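In the two complexes that follow, chain A is the common piece, with chain B as its partner first and chain C second.
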Partner chain A sequence: MVGGGGGVGSGLLENANPLIYERSGERPVTAGEEDEQVPDSIDAREIFDLIRSINDPEHPLTLEELNVVEQVRVQVSDPESTVAVAFTPTIPHCSMATLIGLSIKVKLLRSLPQRFKMDVHITPGTHASEHAVNKQLADKERVAAALENTHLLEVVNQCLSARS
Partner chain B sequence: MRLQARGKEGEATFKLDVIHSGKDFWGEGVGKYWKQKCDSWICKSVLSEGHQRTVRKVAWSPCGNYLASASFDATTCIWKKNQDDFECVTTLEGHENEVKSVAWAPSGNLLATCSRDKSVWVWEVDEEDEYECVSVLNSHTQDVKHVVWHPSQELLASASYDDTVKLYREEEDDWVCCATLEGHESTVWSLAFDPSGQRLASCSDDRTVRIWRQYPPDNEQGVACSGSDPSWKCICTLSGFHSRTIYDVAWCQLTGALATACGDDAIRVFEEDPSSDPQQPTFSLTAHLPQAHSQDVNCVAWNPKEQGLLASCSDDGEVAFWKYQRPEGI
Partner chain C sequence: MAAAAALEAVAPTGALWGLVHDFVMGQQEGPADQVAADVKSGSYTVLQVVEALGSSLESPEPRTRARGIQLLSQVLLQCQSLLLEKEVVHLILFYENRLKDHHLVIPSVLQGLRALSLCVALPPGLAVSVLKAIFQEVHVQSLPQMDRHTVYSIITNFMQTREEELKGLGADFTFGFIQVMDGEKDPRNLLVAFRIVHDLISRDYSLGPFVEELFEVTSCYFPIDFTPPPNDPHGIQREDLILSLRAVLASTPRFAEFLLPLLIEKVDSEILSAKLDSLQTLNACCAVYGQKELKDFLPSLWASIRREVFQTASERVEADGLAALHSLTACLSRSVLRADAEDFLDSFLSNILQDCRHHLCEPDMKLVWPSAKLLQAAAGASARACDHITSNVLPLLLEQFHKHSQSNQRRTILEMILGFLKLHQKWSYEDKDERPLNGFKDQLCSLVFMALTDPSTQLQLVGIRTLAVLGAQPDLLSSGDLELAVGHLYRLSFLEEDSQSWVAALEASGALAALYPVAFSSHLVPKLAEELCRGELDLTRGDEPTKCSRRLRCLQALSAASTHPSIVKETLPVLLQHLCQMNKGNMVAGTSEVIAVCQSLQQVAEKCQRDPESCWYFHQTALPCLLALAVQASMPEKEHSVLRKVLLEDEVLAAMVSVIGTATTHLSPDLAAQSVARIVPLFLDGNISFLPENSFPCRFQPFQDGSSGQRRLVALLMGFVCSLPRNVEIPQLNQLMRELVELSCCPSCPSSSTAAAKCFAGLLNKLPAGQQLDEFLQLAVDRVEAGLSPGPCRSQAFTLLLWVTKALVLRYHPLSSCLTDRLMGLLSDPELGPAAADGFSLLMSDCTDVLTRAGHAEVRIMFRQRFFTDNVPALVQGFHAASRDVKPNYLKGLSHVLNRLPQPVLLPELPTLLSLLLEALSCSDCVVQLSTLSCLQPLLLEAPQVMSLHVDTLVTKFLNLSSSPSMLLPYKPQVIRALAKPLDDKKRLVRKEAVSARGEWFLLGSPGS
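Up next is the complex of A and B:
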């Protein structure tokens, strides 16, 4: 149901020489954000800040460093309570795609207010099984059942943990 | 009226089933049994022993004495009701992974279950409460989300992640798939027969509700049939009303009103225009409750005895009751 749980950190890497991207700097704080009276609305940068440091399951790098997630591919509407994140697997046959998508989804589910509707999908045209992966990620029952699997949950939590 | 049915922190309520008397209901996910006492509901029982994982669906038997609970732990428990107490009389095993739905046939002698293992199982129960699997149906190519029985015939319908609806009937000593309904463009989440059983409503991740009609062989409309099995045709599609996945559809057996539960937190009710052609009916949206809940609405159920009484449940952990009145001039 969910691809690749076994290949983490062992054996032959699928993509041994990934392109590594520079991290964007810290977000500058604006005057509006400093003002306690003005409520902060959630924007693309905030969502990106939540997902940029998610670890790739295979490489000792973050999704930002691998350009799997980019701020420009995050769409948010706070008034409508919607978030859409498109992620780009490093290679078109990446078997970790579902796991990466699931990690992004879990991070958002754990961090955002419950009113938000979250859509996590593969950047169109970048993966051989994008329809199948997108369909699984969009099915909340499948996601809930997958996360009841302790081994898978552990792998996801490892992707979400801060690197020392 | 709203009920906080949430047990543990963050547990969603997936499904409800209203007992035939209309006076009790079971809200699961949390596994709680509620009984109506005057105008408020009192939780009478919590069954925490039966399953090891999420309880996905519950169903009362037609006689009201039994409750079946389908779980992600791959089993289905049958509970016998004794006033406010429930005793697990048997556990049905066999599915390879999460059981998604369970339904009793109106006769009370048959039960159907379905699972992510792509199969639908038909079980027979005898007078001694013995359950036997009489058929394993492997027609779907993906996860099966929902099963429902026809109100008067021994006909079973199933809805799947493979975007189709399938129908099954008994043939000799086995069950066979007698029709496949194609048309939805994504997962079909739920199904409901109309009071007569001539029509079936399906709802989907493609944000539409489709109405299908049964045409027996030698029908007046000239719809072709193969052999002795009726054909099913999609006679109406309700699109443009729902902005996200539709998780449930319920067809009121008293009034014919159709209610939907949607991932956009809203509940909607549709009614058929009385002057429309039965072969090409039109349905109008007669009620729209945006923010019926603060999160996805997962299930809606009409009270079988009291007109216009609708129950709904949501990811927000609440169960809500609504009074619907058909607008004037419909």
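Up next is the complex of A and C:
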């Protein structure tokens, strides 16, 4: 599934000195959220909160800090049960792109109600093999097969674990 | 007679033959100890033992010879101290000869040699001969572990006692040992062998041409990769081996040319533990190396360290990398050079600067901090390195600060500058002109002031910290800089209270005021006083919240800056004046504002405690003023000012008590005696002569007068006398104690009677054992018993009982058990039962105003444990015997006691108490529930196995679930499925929790988590 992604932890990093962005704070709890009667629909910020703290596979940084995910690139419609997330690899040849996409996909699978149809893809024009990666991420069977692979699951879980 | 003596002489020898036979031929182990004991007691000599062994030592059968020698060796091991020189010589010759014998015999021979190596009577020359024989005859590594260990012991013994002789062997000894240990695999033996190598090097044995061999034979174990087997009885940890090998490798510069390439190779490896070990070993080496050893490897070492710090995801690698760079730089800085030699420090630092500088110019990029840390690690190593690096980096950073305009970029840059400035504090410069920071001072100051006025809190915060560090540099800031700085701090003290910058600004004020008292007393205190005055005037015209909060800020800023005695002399009058103004001006001053003044006073008092002179100044200035205000307030008057009522409120009194206590605890005994001679007569006789304003409309007689206002002030007396050092004599003590008991049982005003009871208890706790103490106790007990009988003052009597009990429990007084029993009896009292239950909480907890360690009370450290052991059985018994409606009181009492108990004491008692605690959980009182839960909660974590035995099935499941992941695994699919539903809850907060719980469950037992 992950082509050429054997570089985790070995040798030189592909992008050793990435630009670092500030983290957004916790979402403030509103009075409406405290009110049991008012339903809160699932919005872009909620989806962004799910994925912003995913760890990058090679840096001790989050996807938010590397600007790989941004709230403006999250489209969600609660009534239609659809969510679309575009992510931006730090460099156009990033071999980690598929792995990052997979982590986002798995995080959404684990965190969103089953009714949702999710689409995770690369921000258009930001990666050399954008089309190939998008195709892999859209293929349900390939995603399922990838998660059967213990080594891959381990890397994905590390990305999804909370940093201590 | 002669015949009998001869018989006796023969008889033991006969017995010896028997014992020898049993051991050698009969294969019994016991006789060896018997023979050794007989030799020790003098029944026969070693020579006789050898004679008795004679035939077996010469037996053609190697097993018999081995057995014979084994017996001799075991005897020698126990009796080597009895040997004569002549005997030792013969034995050594014998044993050396036996080294050539059959391999079955060798273990026993080595044991014998070990015994002889311990022998003091060993004549010179023999140690060398033994070692030569071993090196020549024995192939050590083909022996079993035990016997190899014996060889190491022989060598160790000789090295301890025959160092000079062994050194006579020259490098042959080293070479011999190298052959002995070559190929050693057992961790137990390695620990000894490493120790020997370390001694060879550190005690300066000749290594001759064998330096590299010695290095090879030890470094082949680096990095140590050893996991102790489960249930290892020897208890050798990986860390033991790592440290002892490191001690060897890092013990001499002579290994450097071999070791450094090895370390570089291992830092570059993939294995985390190897990286860490190599970096730590390099760090250790730098303690003994010099430029000569390092110079050829500096580029590679720097490249490896840089790569690790730049790329690692592990904080430990980063920390060890930085530590190694620090030591390397320190080592290079330390080396003494010949006049014409090149100084490698400069070129090394230039290398570092070259690789890191440009990253400092990109404050948004990831490598900015690793670069700064590397530079700071090097700069922290020596004054020279610090100069070299900061003189390069500071101009760059100052320039970068101006180039970048965003607050977060500036913050990163300023934070780096701060790091470099802090390093300068480590070095003291004799000559003022040489201080490298002088040249940058003006630029730094203007930069800090820019940061202080920036809207970003984060940048302000770093600015404040930088200001404090600049201020700490001696003679750096000019008076003009200080005036500006104080101005900024003044402005920052009016920020919102919860902002971090506000807290930091107050801290910085405190730190800088201690260094520059003149600047603060001339530029800060007057402005704050003025602001406070303005506030006072405004106070008359309504009370806007903003003005009120400005006044509060002033108060806090005043107390924060009171870190120097001369400033206290300015701020204390301002604070007291403010309190008086509030009193006089008929202004609307809320309770909270008076309390705020008291809190500021208390903070000032705390800061004065360090300096005896200011402590006394505070005490003799503040106390009369506070007491005068309070006495004034307690006077019956037609027109009460609002403040007067406010001053008598419980909360305000409590705040004043804490000021008085803080101002008293650190007084020297003679000054305290002066003060007590005025304050006690004030309360007992109404002697008001020492109060600053003492024209009152009527007498002050808190103990006689009926007015409840005056009686309330007994709390202030309590705050004072209960904080005095124990050896200060209190005048009119007898009268005082009687009055206090009297007042404590007076039913009119609960707060003054409680204060009296506390005051009585506080004094009681400090009195030395003796007749006087017994009398006071009797007085209290009588009064309590009279009061507890049905009547109007039962609850007052109970309060007195409680406090007296506490005073005695704390000091382990023998009467305390009696009083505790009385208290426990009250648990079943329908009226006082609940109060008695709560009383247990008071007994076990720490008070803040009286009976504190800080207030010199006698508090024994184990009083809680002791109270638990003495009283819990009775509580449990009482619970079982009690009627249904009072049972909750016992449970509550019990849970209070357990709640305060240290866990290690509680755990062993748990099995017996658990059923009771679980009953307490179903008790309707929510205090009991909470207290029991907080008592059970740590136990659930600490001792699930104990808990699980006792709790019903539901709870058991829950406990097991919470304590071990393997128990959870079977539930994983079920829980994940169940948690899918709340993912679609209509409430976001519910979904958030469900997401985090479900995420955790997915990770449970899964690879990579």
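Note that the second predicted complex is superposed on the first by the 162 of 164 C-alpha atoms of A that agree within 3 Å, B and C clash if a C-alpha of one lies under 4 Å from a C-alpha of the other, contacts with A are read in each partner's own complex, and residues count from 1 in each chain.
Criterion: contacts are C-beta pairs under 8 Å (C-beta built on N, C-alpha and C of every residue); 3 or more make two chains touch, one makes a residue touch a chain.
Fair warning: this is a prediction, and the values are worked out from it, not measured in the lab.
Put chain B and chain C next to each other and count what each touches on chain A; the higher total goes to C.
Legend: residue contacts after superposition of the two complexes on their common chain; A:R115 is shown touching both chain B and chain C.
Using the contact criterion defined above for the overlaid structures, shared-chain residue A:E148 touches chain B, although it does not reach chain C. On chain A, the surface touched by chain B in one complex and the surface touched by chain C in the other have residues 114-115 in common. By the touch rule above, chain B contacts chain A in their complex via residues 53-54, 56, 72, 98, 100, 116, 143, 145, 161, 186-187, 205, 244-245, 263-264, 294-296, 315-316.
Across the complex, chain A is touched by residues 270, 310-311, 313, 359, 362, 364-367, 408, 980, 983-984, 986-989, 991-992, 995, 998-999, 1002-1003, 1006-1009 of chain C.
Within the complex formed with chain C, the residues of chain A that make contact are 9-10, 12-13, 16-22, 29, 33-34, 36, 39-40, 42, 46, 49-50, 58-61, 107, 110-115, 150-151, 153-158, 160-161.
Partner chain B is touched in their complex by these residues of chain A: 1, 114-115, 117, 135, 138-142, 144-145, 148.
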